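Look for chain A in each of the two complexes below; its partner is chain B in the first and chain C in the second.
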Partner chain A sequence: MARLIAKRLGQMLLIMGVTSLLLFAIFDTDQFRRQIAVSELGGFGVATLNAADYEGWLEKKGLNEPFLSRYVTWVGDVMQGDLGRSIEKNMAVSTLLADRLQRTAILASCFFVLMVPISLTLGVLAGMREGGRLDRVISIVAVVTTSIPQIATAVLLTVFLSLGLGWVPAKSAMVGGFSFRELVLPLLTLLIYDIGYVVRMTRASMAEVMSANYIRTAVLKGLAGSHVIVGHALRNALIVPFTLIFLQLNWLLSHVVVVEVFFQYSGFGRMLYEAAMFGDIAVLQAATLVAVAVAALSQLLSDIAYILLNPRVGAAG
Partner chain B sequence: MTLSSPPVPATHPERASWRPTIARLPVVVALLALVWCSLVAYVVFPDALGPAHAAALIPSIPAVLVLYGLGIVSWRESAIARIGLTLVMFWILMAVAAPYLPLVDPNRPIAPFAPPFTAKAGHFFWLGADMRGRDMLSRTLWGGQRVIVWGITATACAYVVGVAFGLMAGYLRGWWDEILSFIANILLSFPVMVLLILVLNFLGQSGFSIILAVTFSSAPGIMRIVRGLALVESTRDYIQAAQTRGESALWIMAVEILPNVRGPLIVDACLRLGYTTVAITTLTFLGLGLQPPDPDWGLMIKEAASSALLWKFAYMMIVPSVAVSSLILGFNLMADGLREMSLRD
Partner chain C sequence: MDTHSPQAATASPSPILECRNLSVSYETRAGLVPAVVDFNLKLMPGEAHGLVGESGCGKSTIALAIMRYLGRNGRITGGQVLFEGRDLLTLSPTELRRVRGADIAMIYQEPMASLNPTLRIGRQLAEVLTVHQGLDRASALDRAAAMLERVRLADAGRILAAYPHQLSGGQQQRIVIAMALLANPKVLLLDEPTTALDVTVEAGIVDLIRDISTEFGTAMLYVSHNLGLILETCQRLTVMYSGEAVETGPVDEVFRRVRHPYTRGLFASIPVPSADKASRPLVTIPGQLPSPTNRPHGCYFGPRCAFFEPGRCDEAAVPMAQVSRTHASRCRRIAEIDWDTPAAGAVTREETKIGRTVLQVEGLSKRYHAVRANEDLTFEAREAETLAIVGESGCGKSTFARILMGLDQATSGSISLMGEELARLPVTKRDRVTIRSLQMVFQNPFDTLNPSQTVGFQIARVLRRFGARMSEAQIRERVLELLDTVKLPRDFAGRRPRQLSGGQKQRIGIARAFAGDPAVVVADEPVSALDVSVQAAVTELLMDIQRRNGTTLLFISHDLSVVRYLSDRVVVMYLGRIMEQGRTGDIFAPPYHPYTEALLAAVPIADPTIRKRKVVISGEMPSPSNPPAGCPFSTRCPYAIEDLCERTVPPAQLFGEGHAIACHLPRETLLAMEPIILAADSLNEANNHHA
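And then the complex of A and B:
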């Protein structure tokens, strides 16, 4: 186990190094420098600049240094815990990142608190008797909800729940401080898609276990149905869904971009989108480091959960 | 005597229904190629066709119908797969038949904000009109064309790259595997949306950038699946037989391994077509994908959400949302049905 953790963490650091180098290389092109200039000074402002003024502007922003020296400086700074300054928002990246991550963490924790019990329950209920009426209803609903793009869900929920029925506010910018009502729509948009996905996976796992020989033995032995399910099937059926739930963390970080941009929720995803569009390299770098760390850690947690839950692989890992 | 494919045991009664599918494979591939090529030519290179442009899609209409018929016949065992096929084929048929249907020009403004089922300005609006007065029915039926063309092309490109690298990693192993898996891990650890935004920002907004962006984001996942399948497959006896015969690595990968792992790959391809459709719609919504004014579902949702986000005009958002969701649902149901059929064998 310790070797697995060490290997994964080493791999994570290596990937962080390579991705940040790649990002620096991408944003070192003239095209992107100009894009940053346009974002900051406006298209007209850049068009009126002559070559010398443009060079001067680059000089002032520190954008004309050779890319390798900028990269080495950045790596040194990061090692010391300094993530640099955002060009767009003119504030320390660490402050911005902490604030935005906290907001997304609120969204994510509400998401997991609701998603895990609902999808596991529905998945187990559907997989208990494969092909039964309950199974068919749950499966159809799940495949339909996973087929609606989140953009469509977001737009439709806004139209019905907010504009039609007026239950919740349409946007979640939270200008007047934190409000739970504003969290409802982004949360629902994320939940509707992902519950369908996890339900389908849980159902498949449960159905597979229910057709195993040891379950048939338990039923033929005359055990009560509830005892068979709770005592025999559940533990094995939940191994796969449990490992999958950890991977949803990585999924969430990616899909939160669309939802946060649409609902104007100032979280990690919106910060990432704005930084990528503006060319705000320091913010983008920091966000990518976080994303890589989350991806690696969720994979690691998922693997560890699998080893702990599955007695068959136990010591071998 | 050929050893190229392992003998299929004909004793299984369920297996029999799969055999015609294999026999018809060249026909299906030829028809798919015809539909895809003419759609790409029609949508992407309209000028290159010259006077043939107007008639370019006519041969595809019977081709789509024949494909649909073949699918319905050979997927008799799975109702789910047939429902999925029906949804997908409906939109592909609309994509190829839209120029020849009695529809008004999807970009012509007629009567702004006309609600569904009303006649205004001498035109009956079945699904209403959008904020510029363009007929929603016409826009919805035309709107699938670009999503289907770019979605299928992008998924196909991602598959070519992913399968090639996956076979190399899984069969050649050693350094190939180390290097390719490391690159795949790097790409997979980027959040998908960020990867797409970065690539599109870097390359500019066009259909070709979408192909590259989707390839970058999907190919690593495909590679992993193919690598796993190839690892298992390369321990089999028939691979050893091929190696003993002195076949080249390229031959073994492409002719021996690939046809034998096609089952899970076809299921995965259906799912990925759905993901790609979602990705294209989302990118278009964020303003990074396809550009106006031509009709497109993602653009229709975007335009309606930015200028008519009102309860009264909900139809403007519901119609394209239902359209794009039904296409994705079709892909997902097809994947489910195919998986179900392959498990039954």
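And then the complex of A and C:
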């Protein structure tokens, strides 16, 4: 177990190093520097700048140093917990990041609290009797919800629930402070797709277990149907979906971008989007680090869950 | 002759379990396919009844139908299943649950798959009692521990706390048996309970099952494809063919007075280790099993039957007819067939002349890290000779084959094929001549044929690869010749593998192996994946071609009966080492190596007149990664000499004509061994009995 953790953390650091270096390299062009200048000083301001003044501005911003030395400085700062300043928002990246991550964490927690029980229940119910009526209904719905692109779900939900029925606000900017009602649409958009996906996986796993020989043994021992399901099928059937659920953390982080931007919810995803549009390199770098960390962590949790749930692996490792 | 057990004869005359005209069908895309037709069975209390037949004959379906567990697409389409007079087919789910596991329990083919991988053994056992007898967990566990002792599993505490994957196959099967016995059922259904196990482990389980039936008085329905096993464990048997019972009666009577051509064919096509080809040549059953969707009219066995009479056998369905009060057969011509003349078609073969040494193996070892897959193998094979390499799984016989074929390299030692050193020469570095002279027939012909190409094309490719200068016309001609050789119709050249049956595919495999006229052919369990009635024909074919071409055949097998039948010399392996080698006659007669002795005693024999001396060995083969320092067999050997065997590798003792036994036992002890198989006064007696 300890080796596994060390391995995953090592992988994480490696990927962090490579991606941040790549990002630095991508943004290390004259054109890009000029773009930053334009967005900070305004197009007119830059146009009136002479070459020497521009150089001075670059020097002031520390943008004219050689690429590698800037990267090394950045790494050193990060090690000390200094993530730099956002050029666009003119504030410390750490402050910005903490605020935005917190928002997204609220969204994510609500998402998991609803997604996990709903999809596992539906998946198990469907897989219990493969081909039964309940299975067919659940499976068809799950296929439909997973085949609609998220942006379409977002539009449809806005049109029906907000513009049509007026139940919830169409945007989630939360200008007047935090509001659960504003959370409904982004949450639903994420849930509709992902529940369908996890339901399908759970169903497949459950159906496979139900056709296993040891389930036959349990039935022919004379156990009641409910006892067979709860006592024999569930633990085996949930191994795969459980590990999958941890991986949804990673999935969520990328899909939150679309949803937050669409509903103007000021979370991590929207921050990432804006930083990318603006070329706010310090913010982008920090966001990338977070994304890599989340990916590695969800992979690690998923591995650990698998080991804990599956005695066959646990004994060997 | 009355073969009922005493209980059966004196106890209540009404059967404990009875099937009346039971019919089962499966729903498939092609419609409703009958799997079992009009099946009748009377199982008396305490009686063991064998249900024997080849794959797809419906025998397992019957066991599952009795339990009413047929999956989503199985349907019981008619008949009754009476348990103590009550029809199980009309029970409510709750009533059915009370019968399952408590009155009727089942033992399955694959013990590993039959146990829940994520629950401890204790919990899985205790459950039976908490559910059926309302015991609390603690006393249920106590009873489970006691039952483990009765199925001869030591260290109950550890086993109860273990997960299934931590136990060996034999232990798992004992657990499944213990689980079935816990609620003291009146009927046990055993569905191929030992098929997945090695022979010596199987022998232990069979012994246990036999003891259980006497000790607990449980009635048993024993389903198996192994006729020998059924003869050794049951009092009565029913032979199934393509969904129908074709013959039923007391074991001895059916054996001595066979009254169905299929049963007779089955007996004649199974080699027994007491006989070689001279005293009891195999008789093959022609043709193959009909597919369930396409059964012939009238008698299902008609197309393969030597006594088929048009107009009678292919008219209406053939009914069961009584032969005696207890014995019945589904044949129209019982009265007309001369049952005492041995079945025709037996071929007597001349002894072939064994030539010079072709293959020489010297001190060959193969290690994978700690695992000693092969240790110090030394033997040779000569021209036109069949050398059998025998052993159970894990004995290293397949590793040797891989090294020989160049799929793996030896750690040390040498293999020389007509002077060329091959032990460390991978197949990619071997020249064409070597590859061509060393060919292989695989266990699973299915895996080695390319499904998208015709059979003819695949044989032709082999011919081209061997680089013999042949024109396309010559190649085509040679392909057809090869089809003739393996006795397949010439138009099979245009077929694809999926249009062939298992036996036909194996014939193609043989044709490919012999296409380049090789010097040595390695056959790795070539018939063990095939149905019993097809095995004999493929075995005969392989021998025929080998003899005709003077090929050296390395026959790798776990089946001593087949080995006795076709090999000239035998090498017995255990845990990577050679235990004994010698001429076939010497191996099957004393002096034996203790392992060979156990192996011989373990083989079920399809001849109830043969008596075997009982040899009890316990346990299972140790892990090859942790073998004993001395004799590999020392952990199980009943003769093991303390402080010697487990420490020192035994020397090979010679007993003349290349017969070598690797054992510490004194020569006199080895020489004083009694024969295992007390050969039959059988055939004569059977005939006399009838006359």
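In this section, the second predicted complex is superposed on the first by the 299 of 317 C-alpha atoms of A that agree within 3 Å, B and C clash if a C-alpha of one lies under 4 Å from a C-alpha of the other, contacts with A are read in each partner's own complex, and residues count from 1 in each chain.
Everything below uses one rule, namely that a residue touches a chain if its C-beta (ideal position, glycine included) is under 8 Å from a C-beta of that chain, and two chains touch if they have at least 3 such contacts.
All values derive from a computational prediction rather than experimental measurement.
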| item | value |
| --- | --- |
| Winner by number of chain A residues touched, once chain B and chain C are compared | B |
| Touching partner for A:T19 - first (chain B), second (chain C), both, neither | first |
| Partner chain(s) touched by A:I148 [first = chain B, second = chain C, both, neither] | first |
| Contacts of A:R235 with chain B and chain C, given as first, second, both or neither | second |
| Touching partner for A:H227 - first (chain B), second (chain C), both, neither | second |
| Which superposed partner A:L156 touches (first chain B, second chain C, both, neither) | first |
| Touched partner set for A:A218, first chain B, second chain C, both or neither | second |
| Chain B to chain A touching residues, read off their complex | 182, 185-186, 188-194, 197-198, 201-202, 274, 277-278, 281-282, 285-286, 298, 301, 304-305, 309-311, 314, 317-318, 320-321, 324-326, 328-329, 332-333, 336 |
| Complex contacts: residues of chain A adjacent to chain C | 130-131, 211-214, 216-225, 227, 231-232, 235-236, 239, 309-312, 315 |
| Parts of chain A lying in touch with chain B, wherever the complex brings them together | 11, 14-15, 18-19, 22-23, 26, 29, 31-32, 35, 143-144, 146-152, 155-156, 158-160, 163-164, 170, 250, 253-255, 257-258, 261, 269, 272-273, 276-277, 279, 287-288, 291-292, 295-296 |
| Chain C residues within the chain A interface of the complex | 67, 69, 71-72, 93, 97-102, 105-106, 108, 110, 113-119, 127-128, 131-132, 163, 165-166, 176, 179, 183 |
